[in-house]
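Chain lettering (A, B, C and D) follows the sequence in which the chains are written, and residue indices restart at 1 in each chain.
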Amino acid sequence: MATAVLEARGISKGFPGVLALDDVSFRLDAGQVHALVGENGAGKSTLIKVLTGVYRPDRGTLLQGGEPVTFDNPLAAQRAGISTIYQEVNLVPQMSLAHNLLLGREPRTRLGVIDMTQLYAEAERVMTRYGIRTDVRRPLRSLGMGTQQMVALARAVSIEARVVIMDEPTSALEPREVDTLFGVIADLRTQGISLIYVSHRLDELYRICDRVTVLRDGRVAHTGPLDKLPRVDLVALMLGRDPAEIRREGATKFSGEHTTAANGPLVEARSLSRRPDLRDVSVQVRPGEVVGLGGLLGAGRSETAKAIAGALPVDGGTVLVAGQEVRRGSPAAAIRAGVSLVPEDRKVEGIVPTLSVRDNIALAALPQLSRSGVVSDARVDRIVDTFMRRLRIKAASPHQKVAELSGGNQQKVLLARSLATGAKVLLLDEPTRGIDVGAKAEVQALIDELAAEGLGVLLISSDLEELVEGADRVVVLRDGAVAGELSGDQVTEQAIMATIAATGETDG
Amino acid sequence: MPRTSGLAAAVTLAALLATAACAKSEDSGDTPAPAGSAGQQVVQSTGATGPTCTLQSFGGQKFDVKKDVVGFSQSEKEANPFRIAETKSIKDEAGKLGIANLRVTNAQSQFSKQISDVQQLIAQGAKLLVIAPLNSDGWEPVLRQAAEKKVPIITIDRKINAQPCTDYLTFIGSDFYEQGKRAADQMIQSLGGQGEVAILLGAPGNNVTTDRTKGFKDRIQEKAPGITISFEQTGEFTREKGQQVTEQLIQSRPGTKGIYAENDEMALGAVTALKGAGKSPGQVKIVSVDGTRAAVQGIVDGWLSAVVESNPRFGPLAFSTAQKFLDGEPIPATVIISDQEYTTANAKESLGNAY
Amino acid sequence: MTTTIAGADTSADARRRPGGLRRERIGHLLQHHGALMVLAVTVVVGAVAFDSFATPQNAANIVVSSSFLAIVAIGMTFVIISGGIDLSVGSSFVLAGVLAAYGSRYGLLVALLLPLAVCGAIGLVQGLIVARTGMAPFIVTLAGLLGMRGLMLAVSGEGANTYLVQNDAFSALGQTSILGLTVPVWITLGLVLLGGVLLQRTSFGQNVYAIGGSEEAAVLMGVPVTRVKVVVYLISGSLAGLAGALNAARLSSGVTILGAGMELDVIAAVVIGGTLLTGGAGGLTGTMAGVLLLGVIQSLINQIGVLTSSFQQVVSGAFLALVVVMQRILHRAQRLS
Amino acid sequence: MAEIAVAPRAWGGRAGLLAWLQEYGVYASVLALLLFNVVFTPHFLEVANFRTQLIQVAPVVITSLGMALVIGTEGIDLSVGSVMALASAMVVLYLGYGAPVAIVAALIAGAAIGAGGGALVAYVGVQPIVATLALLVGVRGLANVLVPQLTEFRNPTLITLGSRSVLGLPLVVIIAAALTVLIGFLVKRTTLGRQLVAVGGNRAASRLSGLPVRRVLVTVYLISGLLAAVAGVLATSRLQASDPTSLGLLMELSAITAVVVGGTPLTGGRVRVLGTVMGALLIQLLQATLIKHNLPQSWTQMVQAVIILAAVYAARGRRA
């Protein structure tokens, strides 16, 4: 047996109050694509950070090519040929694509200063190989998420990496970009480069990975070849549950059809327009209905939700709640009318990290919980208690800082915040992205429950399965306009994809 | 949105300024009487033994003060009686003499700004410069430029450390060291040569502070070994700081018999502090330097023991010196003015002289 | 590896924003050279309104007296681009002047090196504290402001001693004119060029931008964050020290009453120059335009002459507000259009 | 389930000590300084001394409270010192109508300047440090234009405000204490208080949650201006004169120091009211100690620098 490219032996790492990794061993061979899975908090991130020199392990050793190594910082790991692409693209948004790509490895002139011509040429050359043709002098933030992800990948690989670690690399990619990415991965593998691939998307794992290591509660729950492991068993391993139970419950927690009341729409968006994001987008949600909003990234899904929630100024169009027009461009007015948004980016637009769970839940409902500007603690406690129980939010106490909770629980806090306002319509933008399988199931079940109680839900999801099983009706967006609407039996993955794919011809 | 808020801000500002128009301040019984000729500066000594300077030896060209540009560089904002009186005196005298092109700059207590202010005056073609320097040292760049163009500089109230007649024409002002000594004399007299004395220092780094401190200490050491200086803290020449420091002082050192304040503002701050602590007038002897109206009034009221004057009315003397110089007369290197003293004996009748 | 997929070249963003690139460029230009344009306009207005404004001597005066602020502002630009701030520069400046004048009695080398070493060292320590402890730069350098002013007072006998420069070579460094401009001006020009190259054309400079843009990303991209931060504060401290020393050479003495509030002038100049206080963007040309703009405004106020000293402050404040508001509006127009 | 386990707070060991210092460091420092003075400073344990310290610190406390709110929103207000000067100018300008009118005029002026700065920040999007820097320069000029030189007044009501005692406590101190309670209440119990820390903690999230972010910002800066004006009026009444040139000079730095030393992070999202008061007290006691022991100015500044660093180092948040 050849020596491993990278091996971790008996790694333990603790933080105050938590043992994040407990005697974890992990082995990566040359040319291998190794899936690293586990729920959030299982220890994946910590293991990656140990492998890349962000953390020093308390116990255990790292071996590279059979030799013990220690990395003092990410730079040391990079120099040793270990590159990482993180979940949230970690590049510098204000800097140009070229500078991001080649930061630290800029071509020099004979005088020792950066050769700008070379820099841009080199950047263009590299990006072309990844199927990106764009002006490399543009600031990174002006480019799409997919492009940014590709830059991150290109950067990681081009540092003569022998090991590339990818943490949820596809979460922001369009299917086409995913294909490009997988093409690149296949290429890397043939060059003998090893990959550690972290993802929640089982399809992708089975598509490209050779081996899998499952972490649970800081320990290795399983390691072995992936193709011999049935999906259900993998899910069971991650959750630590009985595989039979998982089979019974199906892939998602949605129960299927909802009884939709026949009365008029709860919320109606008419001809929302905003150059260049939205063109004449109209959507209706009736009480008790879950309406899916499908489409590719950048098709205007989040923009539609934000426009309805008053968080995005629009050039034209109106939003009516129960037949009454809502003042434009004011989230407060939308919330008063009963429309509440749970945004896509939890960290940036969702939680207030410095505040407690309690304050986060009560935040949007403060005007309703106070009299002449003074907050009623009793009422806040009551409503917080209600929703923490109802959504099964797991926190040490309502006064725990929200930043200390897991992603899934943070998501539930945001849902609670929306519900606390007495919302009649929830706009959920990727409510299950980046949260662990257990929490995902709970959130999905909750959406069902809320719809059953008569709430209207607008569900945005990149996960087609979630959309098909969860929504009664799916509105498909394309290039900022409604491309089609599917309901009843029409709601299938194929139908949605076909509606989206109809763009292929018009795209140019 | 930005437009409306900008508008709102503008409206707010306008409203604020407008309200100032309908402001109504307290009826003030003691508005300063027109200065007139009262309190005019008198030359005390002209350093007769020292060298003198003529237009010829200076090497300048004759010019007409009335028509040519005359620059005046003030060091500090005209926000305290001394600076107000000083600038006013210069402007008034210029007006009286018919000097048409007087350019006035103000360095707002920033030394770098004063240097560039004066340089700009030179660039504007000033033929004569009257400078109230913020600091005695550091005038090299200005002096070089002035020397190139042979622009005579008269410095007032503070000296410039340089060569008279070559670098600048002359200095007209008080002797701060001497002021310190005279304040010490007054302190010795009112304390009978015994007791603990505290000093409220001026702003640190300022040579007025340095000289007034040194003069005071030297004189005390020389003439009154019974007086101990137990406390020196800066009051930064302001009334507020003077009050705050005095409050700490009288509480933690109740034995303090006298306070020497290096300007009137700090002395008045000390008076407020003493009043607040329930002391009666004269319980702690206060001596200060400047001669502002409020301080002299303080003597009349019994709170201050004495004030050594530092006369700011430089206008007449400065311009007459300049005229003499242009007329070819010899000018002494320093013109020390005679500062008077306000004491319990003369305060009431001399109140009109105070500024 | 040739996995290019046809048509995958344009990002969703680029597609949605036809002509976005050109507008971005214009916006970029405005943000970076807005100060230069305002400066040009101000100079033209001044020249038209006042005879004695656009004279070579006045111009030289403005440039010469601005050069010290400019040197300090170069360092501040580095700090601000890295996402920090340095309030201690004013105190560094005055301390350096006193040290230089004091050191001049031991020769030119001491006069130059003593202030550079002390101010550089204090900058270094501040940088270390900021980088290692994660304390806010605002607070660390605020302590630096107080501490160094205290040190300066201690060195100068509570401000009572003004050391005079006793070395002709050192004085000459501050006073000699070459082609009508004094040595400090040429040093400033040299430093601007050097700083520009350092910022735009070296890995170090790119690292400064990266840290200011996103420190987290910079760490993960392998930027030696601690070292870069330390160096940035070291540069700022050293340049403030150099400016103070040169100023002492120019004034021939270690004046103790300088530098109070200088940090605010410097920050104002850098911000007017288009460098964002949030870090990650900006440059030296803008900063220089900002410095000159402050000098020109000051000169214009002097030319007007009739303003009382208090009104001058109102005008300066209003002008500063106006410039930043204009910048914001331009910035916004560029985003919204 | 992968729950983030939160260990019960152990107050032992080095980590425990650090955590304790972070929470209570400023109180411990004040206590230590008090003890030092009790032992080494003559006449320290006297009622008159505590009166002096409390009276002197009152304007700083009041200004710092406003500053704490602003810093809670991840902002900063450099204009407070100048606003004090403006308030002082307004008071003497309107004293002819009687003290109440004059005081109200001063407070309105302070609130207006605060709101103006807030509008620049909230609506125009100017960074707080720059917006309030412009005000720092301009407003002091304005105050000086209105009242060009130190002006004494004799209005008994206004003088009483600064020197009167109620039940043995100076009125100035009572006002500062009342405002502390009020601001504490505002932060803990009012909608505005909850909203302002949310705005400081995450502005985008606050906007999406329907918080009136701009209104909150303007209100907070307005309160800061208003409190600075209160401090200005009190300082004026204590001085028995209006001195716009020097009143409140460098107050912004004292206030920021008090807030930060008191444990409110400059990054916003949190406001510690009592900590702020303690921060102000710490600086006051420090200065008093150095003055009482007749140490030179250079010492005062260097010691202050060290204390600031030490206090903030102890109080800095544990980094993940």
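Quick note on the criterion: a residue touches a chain if its C-beta (ideal position, glycine included) is under 8 Å from a C-beta of that chain, and two chains touch if they have at least 3 such contacts.
Not measured: the values here are computed from a predicted model.
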- Among the chains, which is located farthest from chain C on the basis of C-alpha centroids? A
- Quick one: chain B and chain C, Cα centre-to-centre, how many Å? 35
- Note on the structure: Taking each chain's mean CA coordinate, chain A and chain D are separated, in whole Å, by 42
- Message: So the centre of each chain is just the mean of its C-alpha atoms; given that, what is the distance between chain A and chain B in Å?
- Response: 70
- chain D residues counted as touching two or more neighbouring chains: 120, 124-125, 142, 144, 148, 297
- Residues of chain B that touch two or more other chains sit at 2, 6, 77-79, 204
- Query: Listing for chain C: what residues touch at least two other chains?
  - Reply: 153, 158, 308-310, 312-313, 325, 328-329, 332
- Note on the structure: Listing every touching pair of chains gives A-C, A-D, B-C, B-D, C-D
- Message: For a test of understanding, state which residues of chain D touch chain A in their complex under the given definition.
- Response: 1-7, 15, 189-195, 197-198, 200-202, 204-212, 268-270
- Task: Can you check the complex and tell me which residues of chain C touch chain B?
- Result: 52, 55, 57-58, 61-62, 64-65, 68, 153, 156, 158-160, 162, 164, 171, 174-175, 247, 250-258, 260-261, 295, 298-299, 302-303, 305, 308-310, 312-313, 325, 328-329, 332
- Note on the structure: chain B residues touching chain C in their complex are 2, 6, 74, 77-79, 103-106, 108, 110-113, 115-117, 119-125, 134-141, 144, 161, 203-207, 209-210, 213
- Query: Quick one: in the complex, what on chain C touches chain A?
  - Reply: 1-5, 7-18, 20-21, 24, 197, 200-203, 206-207, 209-210, 212-214, 216-224, 280-281
- Note on the structure: Listed in rising order, the residues of chain A that touch chain C in the complex are 54, 73-75, 78-79, 84, 86, 90-95, 99-100, 103-104, 106, 112-114, 116, 128-135, 138-139, 142-144, 146-147, 155, 174, 176-177, 179-180, 183-184, 186-188, 191, 276-277, 296-299, 479-480, 507
